[in-house]
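Please find the structures below.
One chain, chain A, links the two complexes that follow: it is found with chain B in the first and with chain C in the second.
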Partner chain A sequence: MGSQSIPTVSVKVEFGGGLELLFANQRTHRVALLARLPSPASGTAGPSNDGQSDVAVAAAAAGRPADVAYLIHWLRDNLLTERPELFVEGETVRPGILVLVNDTDWELEGEGDYVLKEGDEIVFISTLHGG
Partner chain B sequence: MSCGNPTVESDALMPRRKKYDKTRQCVRCKLSTGNVVIRYAVYCKECFFPLITHKFRRSLEPSVNERPQGPRRTALKPAGNLLVGFSGGLGSTVLLDLVHRCYVSMDQSTMPSDGGKQHPRHEKIWKRVSVCYVEIAGAFPGMQDSSPDVETLIAQHDGVDLISLRIQDAFDPAWWQRVAGRPALSDLDFDLTTEGTSPLTLLLSYPYGRHTELHLIFNPSSSSTPLEKLQAYLASLPTATAVHSTIQNLIRLLLLHTALQTQSSHLVLGTSLTSLAMSLISGVSQGRGFNLKEEMQEEWVPSVPDPAEDVSSITTRRRYVRVIRPLRDVGRKECTLWTWWTGLRVVAAVRPPWVGARQDIGTLTHDFITGLERDYPSTVSTIVRTCAKVAPKGEVSGLCLLCARPVQHGIQEWKSRISIRTRDVPDAGEQSSAQVPAPLAPHLCYACHTTLTSKSSRPPPALYPEISRSSVAPAPVWVLSFMTDREMFQTSRMNEQDQRNTLKDFLLED
Partner chain C sequence: MPPRTCALCNDARAILKRPKTGQQICKDCFFWVFETEVHNTIVEAGLFKPGDRVAIGASGGKDSTVLAHVMKTLNDRYDYGLELFLLSIDEGITGYRDDSLETVKRNQQQYDMPLKILSYDEIFGWTMDAIVSQVGKKNNCTFCGVFRRQALDRGAASLHVDHIVTGHNADDIAETVLMNIMRGDIARLGRCTMICTQGEDTIKRSKPFKYAYEKEIVMYAYFKKLDYFSTECIYSPDAYRGHARAFLKDLEAARPSAIIDIIHSGEAFEVREEVKATQKSQQTCKRCGYMSSNDLCKACTLLEGLERGMAQAAITDRARKRLDAEGPAPDNLRTIPFFQNSTTPGTSTPVALETPS
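For the complex of A and B:
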């Protein structure tokens, strides 16, 4: 039986408004995620966190496609270098962070439920600059 | 009958309201698919820029002429120049860009389409556009000075000049002399300067010992620098909230006096809808409810005479500074998108590195409104619209010595009615027969009095560990000018010995 390549989805992630300071001071990142997260194998006692958030575990358990909500937690778990509370609050981004999906407000795209496609550009901008 | 328990019944949960009304089509052009949701309304990127520009002009231009425009719009002819208050933050950056496009570089894409290209509104309105930046790094040890970044940014905008101040200028007699054209002490006609002595400074004396009220006293000035005086003033404040609101007041007064110096009739600030909601709520929390209207828009008539004014002229032009917030209908989200889509850089986005700065009313309000803006975006604009409708009761009793805003009549009587206090009445023999400066409290607004006297059960960490809190602190340089304007002192010529005898009880030993 030949091995099958695991489908991934590659997206461009940008940070603005000072958020880049939390991600190694780098404004642009290329991220490759599993396009559809596998369900856990049968017989396992239960999902093992391995440091992943509840959303990521739930996504893996359900076999959900990778969406923006999963991307947020993936970024926190893999790219964030400091102060996670300044990026994530609960299961979504902290209040005051604007998210654009392909130059469009994520509120028009279903927010965290937007399913990522190959080549998408996701931008996270902090609005907490003062007047 | 079900109990509607969402844990048991999945459809018992109320469906989450959509973040936008109707469809994803732009509500303005009705052609393109939308790119942004602004308080449930959808706009495309092409319509976003004219929308924000229109809101900016709509908020500013009705206030340009000295008299309000009637139903028939006339040409815009301001009484003076334009000063842009620039903090380096998000709103300021957007404001500067809009001012430059609309009034300096005359970007055609920002021009109203009606009236034709030859309409007078397409001509330059302001003879001179200046930008004033106040650096606050001196107030917070360890804070980065953003002045070089601001200077670089402003240099990229042709046709505007930068006036860069430091917040300690509020305690600098040299700055006051540049603005008012003469030293502050000469207003009182006190002349104690002899060889080897230095002019007096005005000190704010907190209640201590038998003195239960705030007072102003005079002291021979030491060699303290303006920065040291600023830090002594801030160190004397009782709460973190007081530090934050004092800095805002100092910046405001510096900007107002700079507007006078630049012959500007209009001072524009980059306060967004979101920031305005924060300042209104935190202001009411601190007792600024009487000045809600001024927080949104105000007209300040200075007591400082114009150094350039020809006193021999029969007709003198009424001087005023109108403080306008043209972005008051533009939310923080829109400001962020403007900077992102136009490639603008926000230079000063750093919070002061003082732990106490996270514990004050201003910061708590900021976090509260930020959460509201995400979950219930309409409530933020409702706050501002409601405050615009509120008209506080009460008469005005002069202007506050510290913040130059109207003082509500009867504050001290009200405070004495609602509080229980003991007052030590000094013996008649203790009173000097010489003139005594009036107590400060009757000349302060409620909020400034509370700022100076309200104590916290949990004092913040010391802003300057090496400076202990003192019962006296230097007063900002404009206080003396405001006092003489109200004739708080009788002036009469005394010989030098009488002057020293009069003031010996108020002089502090070095």
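For the complex of A and C:
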């Protein structure tokens, strides 16, 4: 990658418990997101992956780093094929959908505030389908 | 955020926040507490005795799949001495039940339990697909509920089991409490929180997951990599239940103890004797021998309506009167095979079980 490329973070997303039906009936997806959210205040590229000081400086200029809350919105806008109300409610997933970050309950990882890292695995499971 | 340590063993990394207690626990401690709590529920309610033949009502869905797994685990670990069976009902719903039955057949192998599948078609002569094509999608859940209950009892009788356990979890029970309150069905409210129900004539039914949260059941299935089927029934727009469920999930998101709190509220209601007495005394159906509070059981009434092309007959009183006005049921009417509640092993013919494929 050249220095001009916009930093992205790529993660694996998995759907279960019937949620996959809203995503073209495909359980596993690889998605690459901008590492930092596009922000009206920033016209510049984000920081490089190494160098903490760069990150700190750029954080003010660019938007916030891509987190799970952003991923949820991105999935709704880009991958969801039907019935968004079954996936998203307000700013987060619909109650009754469990989220795991690298096989850990997202409630232990800060929920939507968890900042995505390269190679993370995010799992969404509906608890609402069938007994 | 640094990894959090398990609140129970103080050693391994926590992977789950328990909705009931807020505790952060590791995977092994989670399996252990989940199983132990179900065991405690079973022991405290005295659900089983050694030698009992127990059928697990298996739909292939998450709850009954986890129930089968946990029942097998506990039966081995604590020497319950139970003979376990899987009992599945094939409602005859193309693209839904046929797929979930494949899951049950895999469970039969994975858990090494005998499986019995009974279909609406063989008992009632009607599949749900055929029923829906006649009655539409409005009242079909009434048919399905009545038929499933009787089909499970008939399946249990044919397996000579003493007991049916179902995967109803704490969320389901809390939802039913709410629905009974909203419908003013106080007689049912008194019964719906009972862990075990048994009429004089009916096979004992119980809910070992009464206090198990849906979140933990799904997490258990996920971490154990259990094989379950999850698709909504294509005919199930039970809108009222859907609203109750969404409301309950919103409450749970705001305060996770809401589910257990609602169950406790349901348990704490004292239902007056007169209200309980509105349930009519049980007799047996004159046509099929199944327990009933009228001359004809609900299933026979529904079936007669279907057969005579007046499917609404069993749903509203007015339609029933119209059916009665048409005269008595014709002699050649299709009926349900006579029900014999034989829970004593060895008193009737052996059962045809599914052969493991």
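The rule is simple: the second predicted complex is superposed on the first by the 103 of 131 C-alpha atoms of A that agree within 3 Å, B and C clash if a C-alpha of one lies under 4 Å from a C-alpha of the other, contacts with A are read in each partner's own complex, and residues count from 1 in each chain.
In this section, a contact is a pair of C-beta atoms (placed from the backbone, for glycine too) under 8 Å apart; a residue touches a chain by one contact, two chains touch by 3 or more.
Since the structure is predicted, the reported quantities are computational estimates derived from the model, not experimental observations.
Trainee: Quick one: chain B and chain C on chain A, clash or fit?
Mentor: clash
Trainee: When the two structures are laid over each other on chain A, which of chain B and chain C touches more residues of chain A?
Mentor: It is C that touches the greater number of chain A residues.
Trainee: In the superposed arrangement, which partner chain does A:111 touch: chain B (first), chain C (second), both, or neither?
Mentor: Touch partner of A:111: chain B, not chain C.
Trainee: May I ask you to decide whether A:119 touches chain B, chain C, both, or neither, giving the answer as first, second, both or neither?
Mentor: neither
Trainee: Using the touch definition from the top, say if A:95 reaches chain B (first), chain C (second), both or neither.
Mentor: Touch status of A:95: both partners.
Trainee: Please work out whether A:103 is in contact with chain B alone, chain C alone, both, or neither, and reply first, second, both or neither.
Mentor: both
Trainee: If we overlay the two complexes on their shared chain A, which of chain B and chain C does A:128 touch? Say first, second, both or neither.
Mentor: In the superposed model, A:128 contacts both chain B and chain C.
Trainee: For A:17, is the partner it touches chain B (first), chain C (second), both, or none of the two (neither)?
Mentor: A:17 sits against chain B and chain C alike.
Trainee: Once the shared chain is lined up, is A:63 touching chain B (first), chain C (second), both, or neither of them?
Mentor: Neither partner.
Trainee: To test your reading of the overlay: chain B has the stretches 1-9, 235-243, 415-423 or 487-495, and exactly one clashes with chain C. Name it.
Mentor: 235-243
Trainee: Based on the A-chain superposition described above, do chain B and chain C contact any of the same residues on chain A, and if so which?
Mentor: On chain A, the overlap between the chain B and chain C contacts is residues 16-18, 95-96, 98, 100, 103-105, 107-108, 123, 125, 127-131.
Trainee: List the residues on chain C that touch chain A in their complex, please.
Mentor: Touching chain A: residues 1, 4, 13-17, 24, 59, 61-64, 100, 167-169, 171-172, 214-215, 217-219, 222-223, 229-233, 245-246, 249-250, 252-253 of chain C.
Trainee: Chain B touches which residues of chain A in the complex?
Mentor: On the chain A side, the touching residues are 16-18, 95-96, 98, 100, 103-105, 107-108, 111, 123, 125, 127-131.
Trainee: Can you check the complex and tell me which residues of chain B touch chain A?
Mentor: 19-20, 24, 34-37, 42, 45, 87, 89-92, 269-272, 274-276, 327, 332-333, 335-337, 340, 346, 348-349, 370-371, 373-375
Trainee: Taking the complex as given, what residues does chain A use to touch chain C?
Mentor: Contact set of chain A toward chain C: 16-18, 21, 94-96, 98, 100, 103-105, 107-110, 114, 123, 125-131.
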